[in-house]
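Pasting the structures here.
Okay, so chain A shows up in both of these, paired with chain B first and chain C after.
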Partner chain A sequence: MATVEVRDLRKRYQDFLALDGVSLKAESGQLVTLLGPSGCGKSTTLRCLAGFLEANGGDITVDGESILSTPANRRGFGVVFQNYALFPHMTVAENIGYGLKLQKLPKSEIETRVKDVMQLVRLGGLGDRLPREISGGQQQRVALARALVLKPKLLLLDEPLANLDARLRDEVRWLIRDLQQQSGITAFYVTHDQSEAMAMSDMVAVMKQGRVAQFATPREIYQKPVERYVADFTGEANFIACSSVMSVGEARYAVTAAGASLEVAGVPEITGSAELLLRPEALELTAPAAGTFQGTVTKSAFLGAALHCEIALADGSILKLTAEPNHQVETGEEVGIAIDHSHTWLMPEVAP
Partner chain B sequence: MSEATSAFSNQRAVNIGFGVLIVLLYVFLMAPLVMIVGASFTNGLLIEFPPQGLSLRWYVEFFDRQDLVDGLLLSLRIGAVTAIVTMTVAMMAAMAGQVISGRLSGWFQLGMTLPLLVPELLTAVGLLFFLYKIQLAKTVMGLQMGHILMSFPYAYVSIAAAMRQVPASLEEASASMGATGWQTFRLVILPLVMPGLAMGGIFAFINSFDLYTISLLLKPLGGNTLPLALFDFLTYEFKPTAAAAATLSILLSILGVALVQKLVGLQRAF
Partner chain C sequence: MSLRNPKLFLAIPAIALIFVFMILPITNMVDMSFRTPGQSDPFGDDYTTMHYDRIVGDAYYWGVLLRSLLTAGAVTLLCLLVSYPIAWHMSKAKGMKAVFLYACIASPLMTGVLVRNFGWMIAAALNGPLNEFLLGLGIIQQPLRLLFTQGLVILALVHVFVPFMVLPINNALRNISPTLIEASTSMGATRRQVFRDIILPLSFPGIYPGMILVYVLAVAAYVTPALLGGQMVSYMPTLIIGELTGTFQWPFGSALAIVLSVSTILVVGLFTALTARLMERSKA
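Then we have the complex of A and B:
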């Protein structure tokens, strides 16, 4: 539908730099997630896209044309808000039909289109209710329907699931993804929840202090993060400082980590100190002699689907590890740790 | 067990105490109204409570007195214009107040309620000098301006409170669906603040109807508002006609509140 490009976007509040050169690109039909902690600039970016905020520099283009001078009400983007922003004095059907009514479409057409979209988001039969008379999940679906019924060029979602409980969150998440893929609408999605970001997105922009730390596929930001910040934000991670780093090929390095010598893949062109990223699920418990590392179990917790352990290595670093749930471990036990080499990743201590 | 019982009876005593306090408060608030309404129906020649017999003669007398009826009509006219003008201006001010943020916002709120903080007499004197300068002293227009100034804060406080209940995201949502600023105002903001707006108008009207000091200084030549006319009247004659006029005023206020209740619902106004 539309290719959207954000180039070097800047936004400054009196003494606070909210956006410090944000660049991203959403190909037509892609869902791009802006992921990061509060204050990282993800909502600010979205609000600039929507036209609610004016950027101080940079550009936003849709299919190659700058939209910065177009006011919010003529951009033709659908926006879904965290607090839903439903009009409390209008029924569900009136909320959904609001934009169509503004376009002065015939009444019968408005009715048909509202009915169709309500079927799509499974709100059938609730048309005459007021927003306060329906549940949070239903309200969020009204908000979604209200944006989709206008067939927007671009869909902007600002933490749409943040106010829902866990069960509803899952349900609405899949609904959003299905509808977005069916209709082929390009979408930007703001969240601080990494699992949401991973599950839904074609591309993820991990944001840090008004900049994009990494813009890549969910798989890449999880398995091949460019810096520790990204690795930390995208899931459980172990980091081991490496004492010697030698390049042995393109983006491959020979390193010494916690007393073991390894050859690992990593971020290209690392110079200086580096850390090894080991995700908990890339580690396996073995007999002490069979492991790459040896250590002592300091904690273990049975979580049903998995067993979480923490293991102290000889050099003092702690490794978190996810083991098969029927594995028996005792606190204080000496164990070995085998590494799945396809899941190791070397990162510079500071992003290049 | 006994401790629980004594805690319970203490709670009971507190509840009864509060009940009595509330009843006393109501008596205190209502007593003057009951007295004046009662006195207006007297058949005697003096304002007194309890009334001597029952009659409507003082109401007839009120409508026979041209000076009092003229006062009533002028007060109604000025009150109505005051309500309409303050509602319009206070609505705009409340919307501006929403956009102003930070330290400036506090100063803005203070500025909007300034006429409440300055003694009415000083405002009246200052305004009188100003009106002389612009050739509007001693005209109905000048008096009207004074009433608008003195009533504005009441309308503003009510409307601003209603406006604060409308989250900015509603305006953004409306814009994202293609609405112009005016459409958003008409279809989203106005319906949502309507109870507060109507209440603000009523407050402004009642306040204007009741103003004395400023009216005394700014009144047009040969014209009197109802409070001025009543005071003049009472200076020479202490007759229940005044009580009848007061009762009519009370009735008018009740009618106004009932009207808002009927049109927009009072619960939503607060």
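Then we have the complex of A and C:
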């Protein structure tokens, strides 16, 4: 139960700038995801939070107090690692109880608390096993229990699901989210998986080259990204370059895109060139000449729950589109495309 | 298992080698240790347990055996103390630095055993560089008698056996994932606690072979105690060689050798039994 603020955090390795002014804030009880490709600085940020790395500049505060001078072993944060980092020579119960033992708590109390937390993460009966004798999913739950049993002020999770198969990933994901919400622990969660980030987080920080490209709710990140990089990273997206961008109100613009004149919402105060974001599910197939755009179907794939098409417009741009599965489309067919205007979004063109 | 089994087939050279150069000689030596002493030959025709009776009944041999086992124990422990920090630094080194460190560590093995021990004799002489160094620093007023002491034997053995301890420990330390250290730190462990609870137990798969190797080599060391230990104190190997090549008492010498081997096996076995649980848990 702590408010955590990261302010202008910088980290340099010789000639590589890993963190170039990262600022974030987690309100008490929030789960904040750091999302981005490898090398974007998300793990570095987490390791600075944990105290495993020393920042070169900026500050990290917990409830208003800087923790940068506190060594990692006195921060009282729980850390869950991608490779679980269970102590191979200790049993499951010893792993979970290790932190309590360091606090010199009485044996009986350690036993009770270990037992309780094992119940919580559904590890009952596995206390005497060694880590190598249990499955990957169980190992990850031990890692989680080991962090939670210490009642940490802050929970730091570094790609905790990356080594699990898809089915387990779903299960453990919900377990993490449930436990985090029940206990009200503030948490930072590092991942490169956008669906994981969207599903679990209160806030998402999309990171790009050591900076936070956008820090907002999952909905905003998806629907109102500040630049193409963010839109690309959070899901399937079409981008259409716009000519003649004119401001027609607060964060509203009149644009010409692929031959059509549209009035759309977008990032405030766009001045230079801009591109239009159209998510595949915001587009709908119509009869030729009926929609906003006209084009030719170049690909179509039936995926069961939906039909994925690619449509080439007259100006050569390609639109990906998710249609209702029973729609019949043939490659080479002329179609019209209607736009759900509430899902269009204009962004300034920024260097990727 | 039949000869068509390729694994067994490939093992034939090794089995042959072990049979000819280990099983046969040991069998021969056990046999020899029960022979009666010879009059004009090194051994007689009849069988007896008199050599073992003599060793067991004579406190002198117990003393020498104990000295050998304890000296080897001291060498092993000192070796461990010296080697662990070296292994630690080596496990952190990368690239050319690691190669350089490996070369340094292996250097005592690159010198012949006689040359190395004569080196120690010169270094430890009354007017040798070690004494001059200590006198020069003002730590001592009179030159110390270093040569022909048990301490020098131990020092020289530690020197040459350090590589056998460093290399396996270095290997084990390299296998410890750094995230384990971070994990324990995040759970509140101080550096000392991380070392005690995580690093030390997890490096045991390297400590164990290092200790066994050094102990066995130290118990059996002959040249170093013979040259640096002087005539005042005896160790089992010097005693055995004396019986075999000095007085030509092959049966008695063999009995001493068997006693030493069995004692060493008992010590190693006891150590293995005491650390079995730790080994079972800490192996990768």
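Following the convention adopted for this analysis, the second predicted complex is superposed on the first by the 350 of 352 C-alpha atoms of A that agree within 3 Å, B and C clash if a C-alpha of one lies under 4 Å from a C-alpha of the other, contacts with A are read in each partner's own complex, and residues count from 1 in each chain.
Methods note: a contact is a pair of C-beta atoms (placed from the backbone, for glycine too) under 8 Å apart; a residue touches a chain by one contact, two chains touch by 3 or more.
Note that the structure is a prediction, hence the values are computed from the model and not measured.
**Q** So, on chain A, is it clash or fit between chain B and chain C?
**A** After superposition on chain A, chain B vs chain C: clash.
**Q** Looking at A:293, would you say it contacts chain B, chain C, both, or neither? Reply first, second, both or neither.
**A** Touch status of A:293: no partner.
**Q** Please work out whether A:229 is in contact with chain B alone, chain C alone, both, or neither, and reply first, second, both or neither.
**A** Touch status of A:229: no partner.
**Q** Is A:89 in contact with chain B, with chain C, with both, or with neither (first, second, both, neither)?
**A** After superposing on A, A:89 lies in contact with both chain B and chain C.
**Q** Report for A:215: first if it touches chain B alone, second if chain C alone, otherwise both or neither.
**A** neither
**Q** Examine A:52 and indicate which partner it touches, taking first as chain B and second as chain C; both and neither are also allowed.
**A** Both partners, chain B and chain C.
**Q** Thinking of the overlay built on chain A, is A:99 touched by chain B (first), by chain C (second), by both, or by neither?
**A** both
**Q** Can A:189 be said to touch chain B (first), chain C (second), both, or neither?
**A** So A:189 meets neither chain B nor chain C here.
**Q** Is A:345 in contact with chain B, with chain C, with both, or with neither (first, second, both, neither)?
**A** Neither: A:345 stays clear of chain B and chain C.
**Q** Which chain A residues are contacted by chain C in one complex and by chain B in the other?
**A** 50-52, 72-79, 81, 83, 85-89, 98-99, 102-103, 146-147, 150
**Q** Under the stated contact criterion, what part of chain B meets chain A in this complex?
**A** By the definition above, chain B touches chain A via 167, 169-170, 172-180, 183, 187-188, 191-192.
**Q** Which residues of chain A touch chain C once you look at their complex with the stated criterion?
**A** 50-52, 72-79, 81, 83, 85-90, 98-99, 102-103, 130, 146-147, 150, 156
**Q** Quick one: which bits of chain C touch chain A in the complex? Just the residue numbers, please.
**A** Spelled out, the residues of chain C in touch with chain A are 177, 179-180, 182-190, 193, 197-198, 201-202, 278, 281-282, 284.
**Q** Report the residues of chain A in contact with chain B in the complex, numbered from low to high.
**A** Contacts found on chain A: 50-52, 71-79, 81, 83, 85-89, 98-99, 102-103, 146-147, 150.
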